[in-house]
Amino acid sequence: MQEPQVYLNGKFIPASEAALPIYDKGIVLGATVTQMTRTYGQKLFRSEAHIRRLYYSLRYASIEQVVSEKELVEISEELVSRNAELLQPDEELGLIQFSTAGKVPLYAGRVLSDEENRPTLCAHTFRLDFSYYADAMRQGYHVVTPSTRHIPPECIDAKMKYRSRLHWHIADSQTQQVDPKATSLLLDLQGNITECSGANFLLVRDGTIYSPTLRNILPGISRDVVIELAGKLGIPFKEQDLQLYDVVTADEAFMSSTPFGVCPATKVNGKPIADGKPGPIWKRLADAWSELVGLDIVKQITT
Amino acid sequence: MQEPQVYLNGKFIPASEAALPIYDKGIVLGATVTQMTRTYGQKLFRSEAHIRRLYYSLRYASIEQVVSEKELVEISEELVSRNAELLQPDEELGLIQFSTAGKVPLYAGRVLSDEENRPTLCAHTFRLDFSYYADAMRQGYHVVTPSTRHIPPECIDAKMKYRSRLHWHIADSQTQQVDPKATSLLLDLQGNITECSGANFLLVRDGTIYSPTLRNILPGISRDVVIELAGKLGIPFKEQDLQLYDVVTADEAFMSSTPFGVCPATKVNGKPIADGKPGPIWKRLADAWSELVGLDIVKQITT
Amino acid sequence: MQEPQVYLNGKFIPASEAALPIYDKGIVLGATVTQMTRTYGQKLFRSEAHIRRLYYSLRYASIEQVVSEKELVEISEELVSRNAELLQPDEELGLIQFSTAGKVPLYAGRVLSDEENRPTLCAHTFRLDFSYYADAMRQGYHVVTPSTRHIPPECIDAKMKYRSRLHWHIADSQTQQVDPKATSLLLDLQGNITECSGANFLLVRDGTIYSPTLRNILPGISRDVVIELAGKLGIPFKEQDLQLYDVVTADEAFMSSTPFGVCPATKVNGKPIADGKPGPIWKRLADAWSELVGLDIVKQITT
Amino acid sequence: MQEPQVYLNGKFIPASEAALPIYDKGIVLGATVTQMTRTYGQKLFRSEAHIRRLYYSLRYASIEQVVSEKELVEISEELVSRNAELLQPDEELGLIQFSTAGKVPLYAGRVLSDEENRPTLCAHTFRLDFSYYADAMRQGYHVVTPSTRHIPPECIDAKMKYRSRLHWHIADSQTQQVDPKATSLLLDLQGNITECSGANFLLVRDGTIYSPTLRNILPGISRDVVIELAGKLGIPFKEQDLQLYDVVTADEAFMSSTPFGVCPATKVNGKPIADGKPGPIWKRLADAWSELVGLDIVKQITT
Amino acid sequence: MQEPQVYLNGKFIPASEAALPIYDKGIVLGATVTQMTRTYGQKLFRSEAHIRRLYYSLRYASIEQVVSEKELVEISEELVSRNAELLQPDEELGLIQFSTAGKVPLYAGRVLSDEENRPTLCAHTFRLDFSYYADAMRQGYHVVTPSTRHIPPECIDAKMKYRSRLHWHIADSQTQQVDPKATSLLLDLQGNITECSGANFLLVRDGTIYSPTLRNILPGISRDVVIELAGKLGIPFKEQDLQLYDVVTADEAFMSSTPFGVCPATKVNGKPIADGKPGPIWKRLADAWSELVGLDIVKQITT
Amino acid sequence: MQEPQVYLNGKFIPASEAALPIYDKGIVLGATVTQMTRTYGQKLFRSEAHIRRLYYSLRYASIEQVVSEKELVEISEELVSRNAELLQPDEELGLIQFSTAGKVPLYAGRVLSDEENRPTLCAHTFRLDFSYYADAMRQGYHVVTPSTRHIPPECIDAKMKYRSRLHWHIADSQTQQVDPKATSLLLDLQGNITECSGANFLLVRDGTIYSPTLRNILPGISRDVVIELAGKLGIPFKEQDLQLYDVVTADEAFMSSTPFGVCPATKVNGKPIADGKPGPIWKRLADAWSELVGLDIVKQITT
């Protein structure tokens, strides 16, 4: 079977060879920023916007990438175009770009020259396995607030998409004690809700969509699409500090993320949100999203 | 030239082949716990204590390692014994063990079976490049308190030795604006001093050694050795919340860490600590350490 | 069947008549301070110490009780002496005293005179149902850290034993999602562990008992007994800020509270503490406690 | 004299018999949620909205009430209709509904069956004693910021109307040291103003009404009426974090609460707010409120 | 050479005689509130607005000034009119008013009568030395976030313009370690950006001007002018919590303050903001400001 | 009448001429560090220790004083020796040294040379007016916890004795609303007690003296004397976080400060501490202090 390719530090190589040396700061420190996008109809969705965010992250993380923003757009398109050839017609690709801060000179056993120690840059794709999200898309996610909290912006700012996320792993292991299929909705240090491990969280009250503020969340591109679609549909969108009470008493809740676009959240800490069923605002957004990308995003995932 | 070996997931392999697939959670999430020890006279120092700490970290991080604590002690000794053969007589090895939480099923494009998705375990060594520490050992470190803060324990507990440390990278980039050779002394969210990016920080006032409390720092094995040696030398050792004022007005300060044991800190935010020279308590501890390991630890690094 | 008596505002009345008007501030505001003690061999244990604490709480809560500390000691003894007559020889009594801040004038529909509106004072007993604790005493409690946090001292100080505890009810409902038999171990706002909903929590490392500091916990009388017994047994006892990591990696953990004295805690967030069995320090304390009160406290509860 | 009735757990009983057993969690833990409304012209005002809030509180507090929202609306109307018969023509009723989490099995001396241990539900009325508010309505409240702080949402969320309010009692005892007629304006843990012990607090600057955000306050129904009336009158209304400075330098301040609707606040910590007299925006709101309910709300209270 | 005059406690005196006794609370406690305005074309700009703010500060600081707001407006005009006579035609004056809380009775060695101990009131002017700001106006400020944080409002509210600013001095000494010409951009205790030592800080993203909220900043009169001019120019202006990430990734940033009106900020922690050059929104505001005051504010400072 | 002298920037001048120019940073920013000591029997008490602390403060505040520590000791003795000649035999002197960060170049209207802009240094004395403390010494202070909080160490560290204390002025104005003779006991941002506006606060429980930790308080020289005397008297002394509850339920409380040495505190927020009378531990310390300095410190103040 033919193998997908991976872009790594200037070269396209077979996926099975894509690996980082154990001295890479991405492994040693989690010093990595990243982005993820996907295709709809095997075409990349909002690729420039994702890469713009990646370069914001690089700037904030003090990682000086030699590949330019524009070059990465082209590399990404080239990669997707190559790997899409291996897909079935109804399949889609996920695309990840990440950059680490380079290698740890000490662990390499000698001081590395600047030439040798450029920040790592990688872009890779994977076939989107929709079965992973099908249940959630049909019945909604169960979110749980574990005691582990989100990292505050004065430590690592959540507006940067980064990979020092051991707290997510720990939070999820607490969450799965409640329900093996649940996903964590992390609180910040003041007890406000923030985001899920891998998705933005949004809720609805009295016809308005409410989002946590940008203090503690990723300004996700999928969330931007929600704002854009809500604007078109005439649904008000507000950012404010929200607490668990707001989730428990919401009329409706949902999540936004690259793999699924928008997906309902129907249970919180074991309690149904409203009637425990996917809500009408989510449905309208999903329909508008489907129209935007030219295919039924719910159907694609659930069938 | 012959190459050192690396232990990776049950096998000894050549160092140049030691790499992690880009789907490993160590890369994707920084979901990694680790330890580092070194040899003195090419013999491992406090290996069991380090590995005990690693297994505490694994337990806290919910990573279920199949290799037992005892087995890892043996693997480590075997590895050091093999790689020490490549050393010159006066050289020493650093030894790192780390374990990640396994692979990300999603990015692998399909759900992995439990067999396929065991936590990664790696042990590797490197020749300790003493020149890296020689200046600091002679004249003392310059520590700087950047505006980036340490991650609080309710997010990721610093008692666990983990690798989601992007904040260290960001902090150091701020610190190096002040002095390219300085190292970060991170404050916690309440403004207490915690630890340096890679070492415990200790100070001396009126003949007593003061350490930050364990709320926000690694209970480092080298720090344990300091406590043990201080006990033998009759030097009181106290843990309490300390602030920048305490560093600026200290009689003396030093750091403890595996590569150098104990190393003076003689400058903070551009100001000399006391007279800006390595202090007498550090000297007594370094001498006692040298006696403990049977070689002059300061001379080994500085020459 | 004969009925136990209750002391309420100066009178001994049948238990079935003991009730508070719905205008009482104990009901309207949870403005109530309380204590609980029990009998060993049908004799009250440390009654004066408990009542001393109650009067500290009254003072802090600005509730001016007309019954003196000494009088309440006598009332309590009288009550226990009366109600103990209804017990079987091997049964014991729990004794609760509580005082509310009086009635809410507004809800009573008219301004009450000072005469009419004295703080409520009540003392009542109940047969200790040991079966309620038998499993925990045999196998140890499962403690869980819910996302709900303990109330900080600048709001309501935990050193006062008070009854505004809706957060316990909410925390326990989260905890029981993990395990219906688990009990909540609440974190404070800085992520330190505090106390369980109804008991002090203690852990053991390297032969020393560690307790959270008094900033966020009740200085329980049973905890005082632990300190006293540990002193006699030569077991060091230290108060310091502790975090979840300390529980997960403890050698042993246990709880202290009036009904059971000391009881093991063997599981935290679904993970065994050490080997998941009641520990040796707990056993020594339970034995010493048994000696102190003249009966086997473990056997009494478990059989 | 004929006695008003009280609804308690399915029955209408005489008020003098309405009491809770001392084992009720409402007494033992303050585990109670509540609402309060009143009549205007002896007709209930916004009854459904209040009961909707009560059911949000029940849901958040994990109290599963068997009486439905709709049934409680009917029960409340029935109760008011019965008790209104005892009123003089110019009198009004206050109506309180509350639900506790049921009984404490332990203190009852035996495990209670689910049948026996349903959450308590009570609805009761009282004649509104306007003299209690007359001075404040004429001259304005004196608010004082005590050192006791409001409970943060991660402990007990203020959006839920609950009865674990010992901190209010303690705060008011501090406040009354300054002025026996003053009422507490609690700060949150970050030093923002929140709400008074029993009323929402609002201030005016440059013609705009400012409210603390919903993070730390009850979204009171009377406050909702203020928002509604302000909308009709074209007065802008904004929610944002406010501090003591904003109160001290406000153009005007007032409170909203069920008994009085809107009432001026004219003094803070001993200093007059603006000229120390009830302000014009309050007057316009009070007039609009009077029009809404068909009677002069200021006159009703002050005469 | 003729000397400017100073208003001090009711008298106009020569500047060289203007001094405070060392017992003044302004010296002993930093118990001083202040304002600063300047002339454009030798006429005071927004004098009433500044003095209104001063009186808010006096009220908040509990300093009871006997001179009325209106009188101080007149005194200020008189002072400027006198001192402007000493200027060259193209020169401008800075005007400072400050009031201290009076004298410390203790240090005076005896209790002072109320007559003797009125709050100090002073107004003084100085020739604006534009060369001090010329470089910043041309190339933009370099802002640095030191580890020293801004004082929170529950200690000293930043909406009051006060003179207990030792933290500014300490922060600037950290900042100047990075760059001797840099100015501090202080973070608040939650890691949000606040203000510079002497100016408001504003940034631009996607055509909107963003400001930190008023929780932690002075509502500067120059900032009010920015809001007013932005309104006229149709540029949206929003207040929200901002973090360092927002500065690092901004499209543009600038500061507002009395001496320079608006001035670009082009570097943060050593990194260029956007392309590191003064931005277009700043230019539009500076032009509009110039039009408002009838002279080119950039040219005035840079030439 | 002959006038005392003041040391100011290198010269001894008459007290009536001792003043700071209004451009001094001590006035403009409160950028001043200070110390206060006094005479016993007209001889300076612990002068070196106080001056050592002053130089720690200078170092922390980044004020580079040209006068050496040793020189200031001599200047201080010279000054006291001169001014003591004006005293009656039973009178004593207070001595204050302070240093500001120099002048503000901007407000001086031109850039000052380094020569012109040295940090201000001043030492002055005043006759100790014991009547100011007599009542407190006899009956004890009334301490009140205002809502204004102490400045945290990450803003301005309380271990430095500094003069940016507007919050003290604001706190005392709140405190004096409760009782015009009361003094403020400030809480820190976490609700722990810290220090009074001008004195350290200590309490006694079960025969042990408890002090707040050094995180938020001045390590006062008088407090050091208490520690020293307690050591001699065999009274245990412990530092730990303390809350209002600890004060309300203490066996005894007292304050330490230069003017009075140790003085009882007998009331908190309007409630008596214990029996509301000066306590026995205070008495023993005052006696030991008297012995140390060779005169009865209580009698000196109260008669």
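Which chain is which? They are A, B, C, D, E and F, in the order written, and residues in each are numbered from 1.
Note that in this section contacts are C-beta pairs under 8 Å (C-beta built on N, C-alpha and C of every residue); 3 or more make two chains touch, one makes a residue touch a chain.
Model, not experiment: these values are computed from the prediction.
Enquirer: If you check the contacts of chain C and chain E, which chains show up for both?
Expert: Per touch definition, common to chain C and chain E: A, B, D, F.
Enquirer: Give me the fewest steps it takes to get from chain B to chain D if each step has to go to a chain it touches.
Expert: Shortest path length, in steps: 2.
Enquirer: Answer with same or different: of all residue numbers used at the interface between chain A and chain E, are over half used by both copies?
Expert: Mostly different residues: under half of the interface numbers shared.
Enquirer: In terms of C-beta pairs in contact, which of A-C and E-F ranks higher?
Expert: Result: the pair with more contacts is E-F.
Enquirer: Roughly how far is chain C from chain F, centre to centre by C-alpha average, rounded to an integer in Å?
Expert: 43
Enquirer: CA centre of chain C versus CA centre of chain D: separation in Å?
Expert: Roughly 32 Å, centre to centre.
Enquirer: Can you list every residue of chain A that touches 2 or more other chains, as numbers and ranges?
Expert: Those would be 60, 62, 147, 149, 152, 154, 187, 190-191, 244.
Enquirer: In graph terms, nodes being chains and edges touches, is this line, ring, star, complete or other?
Expert: other
Enquirer: Can you identify all of the chain pairs that touch?
Expert: According to the stated criterion, the contacting chain pairs are A-B, A-C, A-D, A-E, B-C, B-E, B-F, C-D, C-F, D-E, D-F, E-F.
Enquirer: In their shared complex, at which residues does chain F touch chain D?
Expert: Within the complex, chain F touches chain D at residues 144-147, 149, 174, 177-179, 187, 191, 244, 269-270.
Enquirer: Looking at the complex, which residues from chain F come into contact with chain E?
Expert: 6, 18-22, 24-32, 60-62, 94, 96, 101, 105-111, 122, 124, 126-127, 129, 132, 147-152, 154-156, 162-170, 173, 189, 259
Enquirer: Could you please specify the touching residues of chain F with respect to chain B in the complex?
Expert: 56, 59-60, 62, 152-154, 157, 159-160, 190, 213-215, 239
Enquirer: Where on chain E is chain A touching in the complex?
Expert: 187, 190-192, 240-241, 243-246, 248-249, 271
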